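These are the structures in question, set out in turn.
What follows is a pair of complexes built around chain A, which joins chain B in one and chain C in the other.
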Partner chain A sequence: MRKNIGAKTIAILAALIWAIPFVGIVMTALRPSQEVLYGWWKPPFHFSFKNLVGAWTHPTASLSVGLRNSVQVAIGATLLPTFVASLMAYGLGRLRFRGRGPLLMLIGLLLALPQQMIAWPLFREMYAMGLLNSLTGLVLAHSAWGLPWMVFFLRGYIETLPVELEEAARIDGAGRFKTFLYVIFPLMLPALASVMVLQFTWVWNDFFMALILIFDPNKMVITQQIPLLRGQYHVDWGLLSAGALITMSVPLLVFVFLQRYFVRGLIGGAVK
Partner chain B sequence: MAEVILKEVTKKFGNFVAVNKINLEVKDGEFVVLVGPSGCGKTTTLRMIAGLEEVTEGEIYIGGKLVNDVPPKDRDIAMVFQNYALYPHMDVYNNMAFGLKLRKVPKKEIDRRVREVAKMLGIEDKLRAKPRELSGGQRQRVALGRAIVRNPKVFLFDEPLSNLDAKLRVRMRAELAELHQRLKTTSIYVTHDQVEAMTLGHRIAVMNAGVILQYADPQSIYNNPTNMFVAGFIGSPPMNFLRARVTESDGKLYVENPGLKLLIPEEKATPEVRSYLGREVVFGIRPEDIRTTEMVPEPAPETTFTARVRVRELLGDELIVYADCADQEIIAKLDPHVHVNVGDEVTFVAMMEHMHLFDPETEKAII
Partner chain C sequence: MRSSPRAEARSGKEGKPRRGLPLLFVRIRRGEGLAAFGFLSLGLILIALFVIYPSVRTLWLSLFDKDGFAGISNFVELFRDREIVDFGRFLRREPPWGALLHNLVWIAVHLPFTVGLGLVLAVAFSKVKAWWVGLARGAIYLGIVTPLIVGGVIIRFLFEKHAGLVPQILGALGAGTPWSAGWTAYPETALLALIIGSIWLWTGFSMVLHSAGLSTIDRELYEAAQIDGASEWAQFRHITLPLLRPVTLVVAAMTFLWELKIFDIVYVATMGGPGGASNVLALEMYFSAFRELDPYRASAIATLITLFSLPVGYWFAKRRLGR
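Right after this comes the complex of A and B.
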């Protein structure tokens, strides 16, 4: 019991420390910069949506455009690899074929690769395919980058599902694909939800890949636009914070909606 | 409905031979039980018939058709798994309807069949429940229903009752027997439980180490086991095996060892037995074929021996006694009213008309 209280205290403290920058951003975004200049907690408190509106309708870096692009990229780069990864994970988890071990090892190695290492080859390949400066290109790049960890995660989950279910389906009259579609896929939903929340968040927060592949202002994703809100002669912290606030609101919403499944997926095979 | 024939079927996992050249013929409408200890190859055999395992060598026929390369879905079989393997995300209705849907059976027909079978199994009020909301017995019924509703040529059962508690198991066993009476579908049933085997099977195949040791009706298996493994595996407590010699005096044959000398009845004293004269044999006698003089006041001559009681287990309707006869243990299943106490030197009577003799080397039955 006592140990429990101690653990809780530590958890709450950690959460508070973690939340401080977030509170700062909210304060800065919602109050006039003069007020914040002398400290977040100094009264008076005047709240307004001026900064939020300003960021949303910014003449050179309108977040409304960035948000639209980001939503397209994040949804595409979540659904596509999730589907592909679920098929791959099923194959790697259940089928016994020559080269399966080395293939798994290769995928494991890909997990260790730093993103910076692929910047130049990625740029060249996308250029060669004519996919530079296009949202499709960015979706493909994110999908490919996300596949290894998704396959690993989902394969682990699939291996916790009883094989007899598949055998029952095969005897009931389903081939491999129908077994996957009607039996395995529905049972994977909690794991898929986890994978989708994580992938969506990572794609959404990505700055690096977008920086390499997108340079047309109308195609830029939201994370690329935040720095453009800085202003040329002075840093408008209020505007920047408002931009950050708008940006982080989307993955937060996604998490809130899928949280139930997300947690279930993470504890996966533990509860039968 | 169809007959199932296995010809010289072998299954190897790498170098390990799980099933070794077995031959099995299951007649149309017959209920056959494969029984044996864990790892004897019975489940592997069943899975080969289902098409879940490839056959390494040999041929499997279902309904006269060679099915070695036919996928499970096209074999027209249904299987009930040990852990039921119900689809957790589907309700009872859809669990049962799934196979029919895949076979593109019209919706109305599916509905009719599912409801009919659900009623037969007494689960018609559970059709909208998910498997996790059901008890073990109900899940077992759904698993059965899923098989029955397809109206397959052959039912395959893989230890379907072993996850149930003892009471429910007995009840489901009776229900299974009744169900087969009604449907008369060819059935192959795998179990390690000899009682299930004895009560359900028209014929029983006793397996060990990948081979079928004996394939016969339950009574023959019990009364005339062809080898020591079958004799010891079927029956509880198991048959007593005592080292002895075949001896002769006054033209009569005896089984003899330091603790006993028992007359081999005339009808059992075949020329084969005589050929073992002077040689070592294994004398087999079932615990229920051993009585006391209290139960048989006037025993036939030369059928008694004495042994010291070491353990006494009263099970209510029977009394199990473990006794030492010279240096060998002998188990007797007695009338519970018999007065026997631990440490007593008791005179036992062997029902020699039920005796068995085995060759100690080949372990095969001599009589």
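Right after this comes the complex of A and C.
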């Protein structure tokens, strides 16, 4: 039994240390600013909505606007590439054609590409296409950026499905696309859920891509507004904490309710 | 002798009848070829337009300056640039050391800590059965879903002079400046604050993967070891650790890639300051491109980050493709 006490101590200690910074942000967001100036852990404790309202209706970085934009971008940049990637994954997982190996390797290499590598030309390209400073442009950029890992993940999943079902459909006269749509696509749903949950979270959490493609305050996504809430000379921690809390609440809810798919997506391919 | 089986394989390949038409530089077998084109084209267009073309363009720009072709001189310049590498100050332990060295220090500290901590926590949690385990795991996993821009805010908050917990505790324990002051405001502590904060944010990732790896290990191995009288440590050393090795390698690879492109945390917490003491390559690339409007230097920095990433990416892709 002694070993379990050791493990328990480590687990409790780690959980506390890891939770404390989050507790601090929540406390600071939900208490009057003057109360937390010298530490959020000091009494007296009073509850206040002022910071949340302040961040939500901020004159130059209203989170209500950012949240709406983020929702649009995250949904668009999840649905579009999920569909495109499932098509690609089927093509790469089931069809045999020359150049398939090198193509897979290329897509695999793209997984390691840093966003900085595309930043400047992408900015110019979007400008040339009239898509700079538009949510559509951001959705397209995120969709293309997310495709490689989605394809990799879904291809791995398709290869675990039995071929017999497809062969039966083919014998019944269904073409490749019909087979995909009616046989494979429904079977892929659990994998698609993982892909969508992860892509949604990543797009929501992204800052860099939005930073280089969007600068109109009315089109900014929510992560872009966080640095703007800081203020020029002094940091209003109440306002900033409230902004942080609102911003992370969405991925947090996704994680809490869809944890199974989230974790499965993370470990997919890595642990096998 | 060694080349003969290879040559045979090659001639065997050549001997195969080549049917089909060349399409997109890819010789495609009739039938499946057209179908493949149909399934792949949409995605390939998106990737080519918004990922491949921009990367190739960045690589291309890195070889030019405003006067024309420059060869590798942009890269030579980078290594002479004190904003990128400053060995003299590094040896004297006086920050700033330059963005590249900051990234390398980040990796040297963050990589072993997150990988190791994640492993230890995964093992510890696997031994605990209690009602609060899910909640406790959740607290550590939170870092994975937290937007890094929010993570940066929290890190700054944690190390803030009056409002921050860490300097207050250290001050109460009798530590002097800068340890009891705002860490992000002093060159000696700014980078360290960010690195510690990023360990806090990323350990959950390492723990999730290690936990998943643990659950695939056969319990009977431990039972057999216990019957043989193996100690707890011996079981960890000779069963857990070797069987988790593939997972640990993947975690290390992904952590390495994450550290190389670190940006949001630094942007929001310190902007690379004070005086460049917490600057990193990705941030320097951003400043170069979008503040100084020097796409050539920015492209060289981006290419440098990619050159560090690609070997790991290649290893990773090969592994996942099962070759």
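The rule is short, and it goes like this: the second predicted complex is superposed on the first by the 236 of 272 C-alpha atoms of A that agree within 3 Å, B and C clash if a C-alpha of one lies under 4 Å from a C-alpha of the other, contacts with A are read in each partner's own complex, and residues count from 1 in each chain.
In the analysis below, a residue touches a chain if its C-beta (ideal position, glycine included) is under 8 Å from a C-beta of that chain, and two chains touch if they have at least 3 such contacts.
The shown structure was predicted, so the numbers you read here are calculated from the model rather than taken from an experiment.
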Using the superposition on chain A, decide if chain B and chain C clash or fit. fit
Please indicate which partner A:95 is in contact with in the superposed arrangement: first for chain B, second for chain C, both, or neither. second
Vertex chain A, Cα centroids of chain B and chain C as endpoints: angle rounded to a multiple of 10 degrees is 90
Is A:168 in contact with chain B, with chain C, with both, or with neither (first, second, both, neither)? first
First, second, both or neither for A:20, with chain B first and chain C second: second
Considering only touches as defined above, state whether A:227 meets chain B (first), chain C (second), both or neither. second
On the A-aligned overlay, A:183 touches which partner chain: chain B = first, chain C = second, or both, or neither? first
Under the stated touch criterion, which partner chain does A:4 make contact with: chain B (first), chain C (second), both, or neither? second
Does chain A have more residues touched by chain B or by chain C? C
Just how close are chain B and chain C at their nearest CA atoms in the overlay, in Å? 7
Set intersection of chain A contacts, chain C complex versus chain B complex: none
Note which residues of chain C are touching chain A in the complex, please. 20, 25-29, 32-33, 35-36, 38-40, 42-44, 46-47, 49-55, 57-58, 61, 120-121, 123-125, 127-128, 130, 132-133, 135-150, 153-158, 160, 162-163, 165, 168, 200, 203-205, 208-209, 212-213, 216, 232, 246-247, 250-251, 254, 257, 260-261, 263-264, 267-268, 281-282, 285-286, 289-290, 295, 298-299, 301-303, 305-306, 309-310, 312-314, 316-318, 320-321
Mind listing the chain B positions that touch chain A in their complex? 50-52, 71-73, 77-79, 81-83, 85-89, 98-99, 102-103, 146, 150
Using the touch definition up top, name the residues of chain A that touch chain C in the complex. 3-4, 6-8, 10-12, 14-16, 18-22, 24-25, 28, 36-41, 81, 84-85, 87-88, 90-92, 95-100, 103-105, 107-123, 125, 140-141, 143-145, 147-148, 151-152, 156, 176-177, 180, 201, 204-205, 207-208, 211-212, 223, 226-227, 230, 235, 237, 240-241, 243-244, 247-248, 251-252, 254-256, 262-263, 266-267, 269-271
Which stretch or stretches of chain A touch chain B in the complex? 162, 164-165, 167-175, 178, 182-183, 186-187
